[in-house]
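What follows is a pair of complexes built around chain A, which joins chain B in one and chain C in the other.
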Partner chain A sequence: MIIDANFFLELFFHQLGLWWVVIPSIFLGLIVGGIPGFSAANTIIVLLPFTFLMEVEVGLVFMIALYCSSRLGAGIPAILVNIPGTAGAAATPLDGYPMAKQGFGQRALSISFVSSILGGLLTTVIALITMPWLARVGFYMHSVEMVVVMLFGISLIASVATKDTIKGLIAGFVGLMIGSIGADHVYATPRGTMGFLELYDGVPLIPALVGLFAISEAFMVIESGSFLSKDRVQQVQNASWAETFYGVRLTLRRWFHVGWTSLIGLVIGVIPGAGAAIASFVAYQQSRTFSKTPEAYGKGHIEGLIAPEAANNGVTAGTLIPLMVLGIPGGATAAIMMVVMQYQGVPTGPGLFTERPDLGYGVFMAMFVTYLLMSFTILPMSRYMSRVTLVSTVYMSPIIIAFTLVGSFVPREYMFDMYLAFGFGVLGYIARKTGYHVAAILIGVILGPLLEQYMLRALKMSGGDATVLFSSTLGNFLWAILVATLILPSWLNKKKAKSEQ
Partner chain B sequence: MSEKKTQKNIKPNVLGEMIIPLFGILFTSYYFFTIIDSPWTAQVNAFIVGSILFLICTLFFIRKFHAVRLNRAVCMLKYDRLLPAMRTRQTGFIILTIGYLLFVELLGYTLATIIFLFSSMSLLDSGRKMATKFALSIIMAGVGYVVFILLFETRLPEGFIEKTLQEGLK
Partner chain C sequence: MTKLTMKRRSFIKTGAAAAGGLMIGGGLATPALASYPDRNIDVIIPTREGGGADRLFRAFTSLWKNHMNTNFEPGFFPGASGRVGYEVYMGKYKPDAYSLIFGNMGPEVLNWAVKAPSFNIDDYIYFNRVDTDPGCVFVGAESKFKTIDDIVSEGKKRALNVGTSRLAHPASIGILALGEHTGAKFNLVPLSGGKNTVAGAVTLEMDFCVLTSGSVIKAADACRTMLVFNDKNVAGEKLDNAPTMNDYFGTKLPAMFSARAFGIHKAAVDAHPDRFEMLQKTGKKAFDDPGFKDAFLKSKGFWPYANYGGVKECAEFKSAMLEMGERFKPLLTGK
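Entry: the complex of A and B
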């Protein structure tokens, strides 16, 4: 088979012909992405018997469409009611929710959708072109380099705490300590588990996410009685289609920002074990670092919303590259896809592109088609979705609590996880009431165990020699970038202030 | 005199701000206690992170202590504000949430959710539009039953309603 422009054009129209699978999967993905606890991975597991019955090509298209749209769906409740559907959308409410609270929910959704779709389209094209080279990124990223990548994400703690750095650091380090709960990675010694067997695997992410964001938010909004102030209510009620198009224009004007933040997602997605949460935190941190208006981040900054959304959709293409090219799944959903492909007798790895190029390239083309169809199906919904913010908290708060508590139960099916989510809810509520940022706690809980895991691996391999962290060329290069991104902004600000004086 | 009183009211109370750092210190101390005899691989991360947390909290306490000493802030448990706060709808809602968690296993997901939704909506809205709230509670719990139990086969706690519905569906 000749792989040329005609081949890709045929493949595109062939995948477009499967719209009857893609469109329902997009809507299913939006729902499962939006409910905390559900994800594309566990939905595909539930529907696995159906995928075995489908033709392999149709099954793969179904899984891809579900995967892409669930990423996008996770951002919707994050923007409207401050509840990220998955950990990958945990950085989205930092600027998305303040926008919704200012009465710009429709615009925020539109920005989120366009940046997700553009990010997804761009990274899919780049993945198609650079697959053989990108697949090798995983080989160069060892534990030492990953320690620095994690520190990129963790340094966001200092960024979100611009009002009071010391409080931000306390929240972040409390999060890191909570994230250290569980058996240690080498000898499985239980640490800080308080005797709960359910915590031996570490703190589960969904109860932490649900508690810190959703439950604490439900307790908070009761005080005000509404998500919006009276004048903002009027603003949302009067919003027209123009608001959606304005959001589209605002995002398209920032095409370069969408491009480079989605590339961060693509590269991080290629690294096995790294995921959308890391990508979105790193992209947000980098976006803020290089912004001309970093002080506006956290208050409803457009680029602060674009960065995590473009990055977490860039991850989708990235996680599939190691699976397709090397036969190594880059994430949970990719691993399930591998099971389906193996069951259907389709090879993964280099053999896929020689034996079944229509499937190998077809997966990425299906992703491209999904993102394309999403722009027609999801974007018009932003006007109606934003009306959620008009619903009285009298109804919303109990519904949020009931649904998200169940969401925290779903992944492991332990009642303990519901109690844990409530515990995190109380912690988040106290933190908010006393001026601590819950996002800083969550960053610690998510990235803390990963940082420990990579750091221990590096130290173990070097026999406990800490200088190993500065032993690789790529690692040192990343260290230099990290230090530069931390120091440069304040240095530039000082320089600017001096020149203004 | 009244001006003095107003000034005193304006001063921030730092006691609330101490809760998170105190929690951090107590939890870190407990964590250190659990790893004291563990191999170095289990200790290294916690000792680094925990020590930094201790240091930051100490700096925070010094800063707050300094503010109190200079009379820029107060540190007191305000019983007069705490007790009325305990009687708010918010506190009632938190208590209802705890009740939901305690009774969901006993009553089953659907019944417990209906009771929780109805009681908390009624509490937050001072008992207005009761019929609407009751209908909404049943609809939302029903949606939850269809999505979580029927569609995704989640093993949520089962009670009288789930068992009856399962029998009916069979």
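Entry: the complex of A and C
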């Protein structure tokens, strides 16, 4: 089979012909992505027997569409009601929710959708072209390098702590402490579990996520009676289609920003074991670092919303590359896809592109088609979705609490996780009331265990020699960039202030 | 205090209970048996829904339910390498043969050697083993190591980093035993799960990795297998016709399996030998059922690894795992 432009064109139209699978899957993905605790991975698991019955191509298209749209769907509640549907959307409410509270929910959704779709389309095309080379990223990004990548994300704590440094750092430290609960990664010695077996694998992410963000927010907004102030309510009620198109324009004007933040997602996605949560925090941190208006981040900054959404959609193409090229799944959803492919007798790894190039390239083309169809199907919905913020919090708060408690129960089906979510909700509420940033706590909870895991792995490999952290060329290069991104902005600010004087 | 080895007396007692059950069950149906089972049987699965254990459980019980004339209802209690599920089963379920656990005798029993659970490990017994998946040594497709001799020879010069799913794992024990036998130095690095372990080998972060061979077979051409911790490489070409450790090095290492089997409270066996006998007998029938192969293959199982084992085989394996765990405890716990 000749792999040329005609091949890709035929593949495109062939995948487009499967719209009858893609469109329903998009809507299913939106729902499961938006409900905390549900995800593309566990939905595909539940529907696994169903996918076994489909033709392999149809089954893969179904999974791809579900996967992409669930990633996008997770950002919707994150923006409107401060509930990230998955850990990958945890950085989205940092600027998305403040926009919604200012009455720009429709615009925020539009920005989120367009940046997700553009990020997804761009990274899919790049993945198609550069797959063999991108797959090599995993050969260079080992534990040492990943320690530095984690530090990029964790340094965000310092950024969100700019208002009140001490409180921000305390919140981040509390998060890291909570993240260290559970059995250690080498000898499985339990730490801080207080005797609860349910905490042996660490603090489960979803209860922490929904507790800190959603439940604490529900407590806060129930006091005010509405998500929006009176004049903002009027603003949302009067919003027309123009608001959606304005969001589109704002995003398209920042095409370069969408591009490079989605590339961060793509590269992090390629690394086996890394994921959307890391990518979105790193992209947000980098976006803030290189912004001309970093002080506006956290208050509804457009680029602060674009960065995590473009990055976490860039991850989707990235996680499939190691599966397709090397035969090793880059994430949970990719692992389930591997099961389906093997069940159908389709090889994964290098053999896929020689034996079934239509499927190998077809997977990425299906992703491209999904993102394309999402722009027609989901974007118009932003106007109606944003109306959620008009619902009185008297009704919304109990709904949020009920949904999120169920969501925290779903992944492991432990009642304990519901209590835990509630506990995190109380912690988040106290933090908000006393001026501590819940995002700083969450960054510690999400990235702390990953940092520890990579750090311990690197140290175990070196026999406890800490200099291993500076033993690789790529690692040292990343260290230099990290130091530069931390020091440069304040140095430039000082220089600017001096010159103004 | 929890005992880490199955005592001889308890083994004999269990065996006697099982044998007694067999004799009684030969035709003397008691009133209790006549009504058993009159409801669904709960099965605790100490791993996540949708995983390999779940798929195998569904494949096996799709046949077993016909022979038992009842349904098996799974409950998933993942966490702490299976510890959560066992603690829930032993602590919260009545020993009445209406609840079972579907566990992995290899890594889960090794867990007890590393850290004793809150219950006495002789208080449950395994039966109806469904599969045995031997551990193996493998490298990424681009690794410089071509044979196990290359690995051993390099291991004598420097400590090689060996990726493993977790320290308390049969494959980890296998490589430690190889190091002990050959004098090669191996530094075990836990990579948290089979997926990451395969990635560790493929991306060359590790010198090589050890894992249950079923996962390595799934990785296909991305990996090359060097050694199998079993008496025979039943997977043959799928594992690159790699030699077994016992054949190649003349060792007498017990098979280092991941072996899925059902477990039951020993108190249930003692109180209801007839029920236990029925569970065993029908379990064997389900395994021998011609439909099982199809269900097993649909669950993505590798058919040569389907391997029935009764109480005796399971007890022997459990005992061997505990013994090996004790032997290498300092290396597994860092103490």
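Remarks
In the analysis below, the second predicted complex is superposed on the first by the 501 of 501 C-alpha atoms of A that agree within 3 Å, B and C clash if a C-alpha of one lies under 4 Å from a C-alpha of the other, contacts with A are read in each partner's own complex, and residues count from 1 in each chain.
Operating definition for what follows: a contact is a pair of C-beta atoms (placed from the backbone, for glycine too) under 8 Å apart; a residue touches a chain by one contact, two chains touch by 3 or more.
All of these numbers come straight from a predicted model, not from anything done at the bench.
Once both complexes are superposed on chain A, the partners chain B and chain C fit side by side without clashing. Which of chain B and chain C touches more residues of chain A is settled by the count: it is B. In the superposed pair of complexes, A:338 makes contact with chain C only, with no contact to chain B. In the superposition on chain A, A:319 makes contact with neither chain B nor chain C. By the touch criterion defined above, A:25 reaches neither chain B nor chain C.
In the superposed pair of complexes, A:409 makes contact with chain B only, with no contact to chain C. Judged by the touch definition given at the top, the superposed model places A:430 against chain B, while chain C stays out of reach. When the shared chain is aligned, chain B comes close enough to touch A:174, but chain C does not. In the superposition on chain A, A:422 makes contact with chain B only, not with chain C. Contact with chain C, but none with chain B, is seen for A:143 once the two complexes are overlaid on the shared chain.
In the superposition on chain A, no contact is made by A:244 with either chain B or chain C.
Closest approach of chain B to chain C, taken over C-alpha atoms in the A-based superposition, is 6 Å. Touched by chain B in one complex and by chain C in the other are residues 42, 46, 185-187, 189-190, 413, 460 of chain A. The touching residues of chain B, when paired with chain A in their complex, are 16-17, 19-21, 23-24, 27-28, 30-31, 34-35, 38-42, 44-46, 49-50, 52-53, 56-57, 59-60, 63, 89-90, 93-94, 97-98, 100-101, 104-105, 109, 113, 116-117, 120-121, 124-125, 136, 140-141, 144, 147-148, 152-157.
Of all residues in chain A, those touching chain B in their complex are 35, 38, 42-43, 46, 166-167, 169-171, 173-174, 176-178, 180-181, 184-187, 189-194, 215, 219, 222-223, 392-395, 397-399, 401-403, 405-406, 409-410, 413, 415, 418-419, 422, 426-427, 430-431, 433-436, 448, 451-452, 455-456, 459-460, 464. Interface of chain C with chain A (complex): residues 48-50, 76-81, 83-84, 87, 114-115, 159, 161, 166-168, 187, 189-192, 195-196, 198-199, 202-205, 218-222, 298, 300, 332-334. On chain A, the positions that touch chain C within their shared complex are 42, 45-46, 48, 52, 138-139, 142-143, 183, 185-190, 197-198, 200-201, 272-273, 322, 326-329, 335-336, 338-339, 342-343, 347-351, 412-414, 453, 457, 460-461, 463.
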